[in-house]
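You will see chain A twice below: alongside chain B first, and alongside chain C after that.
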Partner chain A sequence: MDFTIIKSYFPLFAEAFLLTVKIGWIGIALSFLLGIICAFILYFKIPVASFIVKCYVELFRNTPLLVQFFFIYYGLPAAGIKISAEVCGAIGLGLLGGSYMTESFRSGLEAVPLTQKESAFSLGMSKGVLFTSVILPQAISISVPAVVANIIFLLKETSVFSAISLMDLMFTAKDLIGLYYNTTESLFLLVVFYVVMLLPVSILGSVLEKKSRFKIFGD
Partner chain B sequence: MEEVLKIEHLHKRFENINVLEDISLSIKKGETVVIIGPSGCGKSTLLRSIIGLESIEEGKVLFEGTSINPLDKKDIKIRQKIGMVFQSYDLFPHKTILENVILAPVKVQKRKKSEVIEEAEKLLERVGLISKKDNYPRQLSGGQKQRVAIVRALIMHPEVLLFDEVTAALDPEMVREVLDVILDLSKQKRTMLIVTHEMAFAKAAADRIIFMDGGNIVEESIPEEFFNDPKTERAKKFLKTFEFEKEKE
Partner chain C sequence: MGFEVLLKGKNMIRLLAGLGVALRISLISVIISIILGLIIGMLVSAKKPVISATYRIYLEIVRIMPQLVLLFIVYFRFSKMTGISLSAELASIIVFSFWGTAEMADLVRGALISIPVIQYESSRVLGLNKLQTYVHVIIPQVGRRLAPLSINLITRMIKTTSLVMMIGIVEVLKTGQQIIEANRRSSPHAAFGVFSIIFLLYFLACYPISCLSKYLEKKWEN
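Moving on, here comes the complex of A and B:
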C-alpha cells in the first residue's frame, strides 16, 4: 500500500464523504417524517389512506433502491419534472427508508400492551391524552432498535448513488480504480470512510437503545 | 342510603356464549360489595362492562340515577368518577411512581400540579410508599405496584372504586399489604365493588357478598350468612373447594 497515493486521494474521498453524509441524512430525515406519518395512518386505521400506505410500503420494500432511482431519475423528467441528482438521491433514499420506518414505528405502536390502554381509559383519559402521554412514549422506546438498524442500512444504501452520477464514496472509489488501477489504496480509503460514517451512528444507537430500554424494561 | 351505581338487566355475549345473563344489582353509597365465584363466571366482565371496557348488548348502567354509556365521549366525565384497579397493576412503565399518580389528575381533570403533587404525596405516605415516589414501576415489587395503582385510582376522587382480582398475581406475603389498604378504604366508607378470590378478606371487608356463577347472580347476602349458611347448593359446593384446600394444609 502506497501512502503517498492515499494522501493524494484523501481530499477526493473527503469531498465524497461530505456529499454522501449530506444526502444520506437528508434522505433519512425524509424517511423519518414519512415513516411517522404513515405509521400513524396505519395505527389509526384511517380508511383509504391506510390502503395507499400499505401499497407504498410493499412497493418500496420489495424493489431495489437502484430500480427506484432509475424510475425517479429517468422517469420523472420524462413526465416533465426535472430534478437534480442530489434531490433525486435524497428523495429516493427517503422513499425507501420511509417504507422501512413505517413498519418500525407501526410495530412499536402496536407493541404497547392493550392493558396500558385499558388502565389509561379507566382513568378517564381522552384518546388524545392516552395517545400522547401513554402510547407514544412507550412506542418510541420500543422502536429505537429497529430505527437505528434502519438508519445504518440506509447510510449503506447510499452506495447506489453512483448509479445516478452522484459523486459519493462508491463512485469516487470506482472512478479512481478505473483511472489509475490503485485498487488497494482506493478500497482501503473506501472502507475507512464508510466505517467513519457508520461507527458513530452504531455506537450512539446502542447507547440510545440501552437508555430507552432501561427506562421501560429496566435492563 | 342513596344508590351510587345501579345495573339493570345487563347482558353480554362473546360470540355464542352468554357471559352475563340478566345481571341486576345496585350499590349504595359507602357500601363495600364483594363479588365471588368460580373462574369464568363473568365477574371480571361485569366490572369491565361498568367502566366501558366491554360493550354491553342489553341493559343499563346507571350512575347516580342517570344512565351512562362509558364508551360515549360525553360520558368521559362520569368515567372519571368510577375508578378501577386491575390484576396486572398496569402502571405506566415510562413514568415514575409520582408521575404515574399525578398524570390523570393533571392532564384529565386539569387540576393544579402543585396541589395534585401534595395530595399524591399524602396518599403515597398513607400506603407506605413515599420513599419510592421517584422510582420507576419496574423497581417495585408486585404488592408495591398494586398499592400505587390504588393510589392512582384514588387521586381521581372517584365515587366508586372497582377492584378486579387485584391480588391474584401477587405472592402470598404481598397479598396482605394490598388487602390491608383496601380494608382501610372499606372502613373509610368508600363505595367499592370488589372481585376477589380471597375468602377471608371478603368476609372481613364486605357489607354484602354477591356470588356469581355462569353469568348469573346465584346468591346475594351478608357475609356471615353467606359463609356460614349459604342458601344455594352451588354456593355450598363452591365454598367446599376452599375447605378442601384447608384440610390439605
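Moving on, here comes the complex of A and C:
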C-alpha cells in the first residue's frame, strides 16, 4: 500500500463521499415523508388511495434498486420524461425507501394493542387525542428498530448510484482503478469512507433502539 | 413505446436467459448461505466468547459494507492477492454467500433465543433427553419462526444479484442494454420498453416468494 497515492486520491474520495452522503440523506428524508404518508393512508384505510399505496409498496419492495434506477434514468427519458442523475438518485432512493418505511410505520401502528385504544376511549379521550397521544408515541417506539435497519439498508444501497453515472464513492473507485490500476489503495479508501459513513449510524441506531425500547417495556 | 423490440428475433428469450443467470447465482448462494448460516447460528448460540466475538465482527462487516463494495474487493483484489483468477460468477457467489451466511446466522440465532427457557425446562421435567428435546420441541418451533424469514432472504438475494452486472456478468440488465444498443436506430424508445419489462420480470420473480413468506408467517403466528 502506497500512502502517497492514498494522499493524492483522498480529495477525490472526499468529494464523492459528500455527494453520496448528500443524495443519500435527501433520499432517506424523502422516504421518511413518503413512508409516513403511505402508512397513514393504509392505517386509516382510505378507499382508493390505500389500494394504490399497496401496489406501490409491493412493486418497489420486490424489485432491486438498480433495476428501478435503470427504469427511471434510462427508461423514462425514452418515454419523454427527463431528469438529472442527482434528482434521479434522490427520487429512486426515496421511492425504494418509501416502500420499506411504509411497511415499518404501518406495522408499528398496527402493533399497538387494542386494549390501549379501548382504555383511552373509556378515559374519555377524543379520537384526535387518542391518536396523537396514545397510538402515535407507542407506534413510533415500536417501529424504531425497523426504521434504523431501513436507514442502514438505504445508505448501503447508495453504492448503486454509480450505475446512473453519479460521481459517488463506487464510481470514483472504479474510475481510479480503471485509470491507474492502483486497486489496493482505491479499495482501501472506498472501505474507509463507507465505514465512516455507516459505523456512526449503526452505533447510534443501536443506542436509539435501546432507549426507545426502555420506554415501552419499562425494563 | 419500445415494446416492439422484445418481439424481434430472440430478444425476449435472451432477456429471460439473462434473468436465469441472475436466478442461478442467487439460488446457489442461497443454498450455501442457508447451510452455513444454520451451522454458524447454532455455534453462536452456544455462547462461547471467542466464537461470539468473531461472529460479532463478521456481522458488523456485513452490516456496514455494501454488497457492491464486497463484490469489488473480492473480484478485483482477490486475484491480485492470491494469484488465483476468479471468474466474475464465482466471485459473486462467494460474496453473496458471505453476506447471506451472516444474515442467515443472525436469523437462526434470533429464532433460537426467542424460544423461552420454560420450553427446555418443561421438556426435562417430562423426561425428554437433550436430543429428544431438540427434535420434538425446539426444532419444530424454531423452524416455524425461521421458515418465513429465510424465504424472505431468498427474495433479498435475488434482488441483490442484480448488482453482478457491475462486475461484468451478462445478466438481465446487461442483456437489456445490449438489446437497446443493437436497436438504437430502428426503435429509439426501446429503453422504456426493455427496462419496464425487466422491472416487471424482477417483480414476477420476487412477488410470489414474498407472498409465500407472508402466508407462512401468518399461518404459524401464535
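What we mean here is this: the second predicted complex is superposed on the first by the 218 of 219 C-alpha atoms of A that agree within 3 Å, B and C clash if a C-alpha of one lies under 4 Å from a C-alpha of the other, contacts with A are read in each partner's own complex, and residues count from 1 in each chain.
Convention: a contact is a pair of C-beta atoms (placed from the backbone, for glycine too) under 8 Å apart; a residue touches a chain by one contact, two chains touch by 3 or more.
From a predicted model like this one, the values you see are computed outputs, not experimental measurements.
In the model built by aligning both structures on chain A, chain B fits alongside chain C without clashing.
By the touch criterion defined above, A:121 lies against chain B but remains apart from chain C after alignment on the C-alpha atoms of chain A. When the shared chain is aligned, no partner comes close enough to touch A:88: not chain B, not chain C. Judged by the touch definition given at the top, the superposed model places A:142 against neither chain B nor chain C.
With both structures placed on the common chain, the touch criterion links A:177 to chain C but leaves chain B unconnected. In the superposed model, A:195 lies in contact with chain C only, and not with chain B. In the superposition on chain A, A:71 contacts chain C only, with no contact to chain B.
When the shared chain is aligned, chain C comes close enough to touch A:160, but chain B does not.
Between the C-alpha centres of chain B and chain C, as viewed from that of chain A after superposition on chain A, lies an angle of 100 degrees, to the nearest 10. Between chain B and chain C, the partner in contact with more residues of chain A is C.
Here the smallest spacing between CA atoms of chain B and those of chain C, following superposition, is 20 Å. Once the two complexes are overlaid on chain A, none of the chain A residues touched by chain B in the first is touched by chain C in the second.
Within the complex formed with chain C, the chain A residues making contact are 58-59, 61-68, 70-71, 74-79, 152, 156-160, 162-163, 170, 173-174, 177, 183-184, 187, 190-191, 194-195, 198-199, 202. Chain B contributes residues 51-53, 73, 76-77, 79-80, 82-84, 86, 88, 90-94, 103-104, 107-109, 136, 138-139, 149, 152-153, 156 to its touches with chain A in the complex. Across the complex, chain A meets chain B through its residues 115-116, 118-126, 129, 133-134, 137-138, 141, 215-218. By the touch rule above, chain C contacts chain A in their complex via residues 1-2, 60, 63-69, 72-73, 76-77, 80, 155, 159-160, 162-163, 165-166, 173, 176, 180, 188-196, 198-199, 202-203, 206-207, 210.
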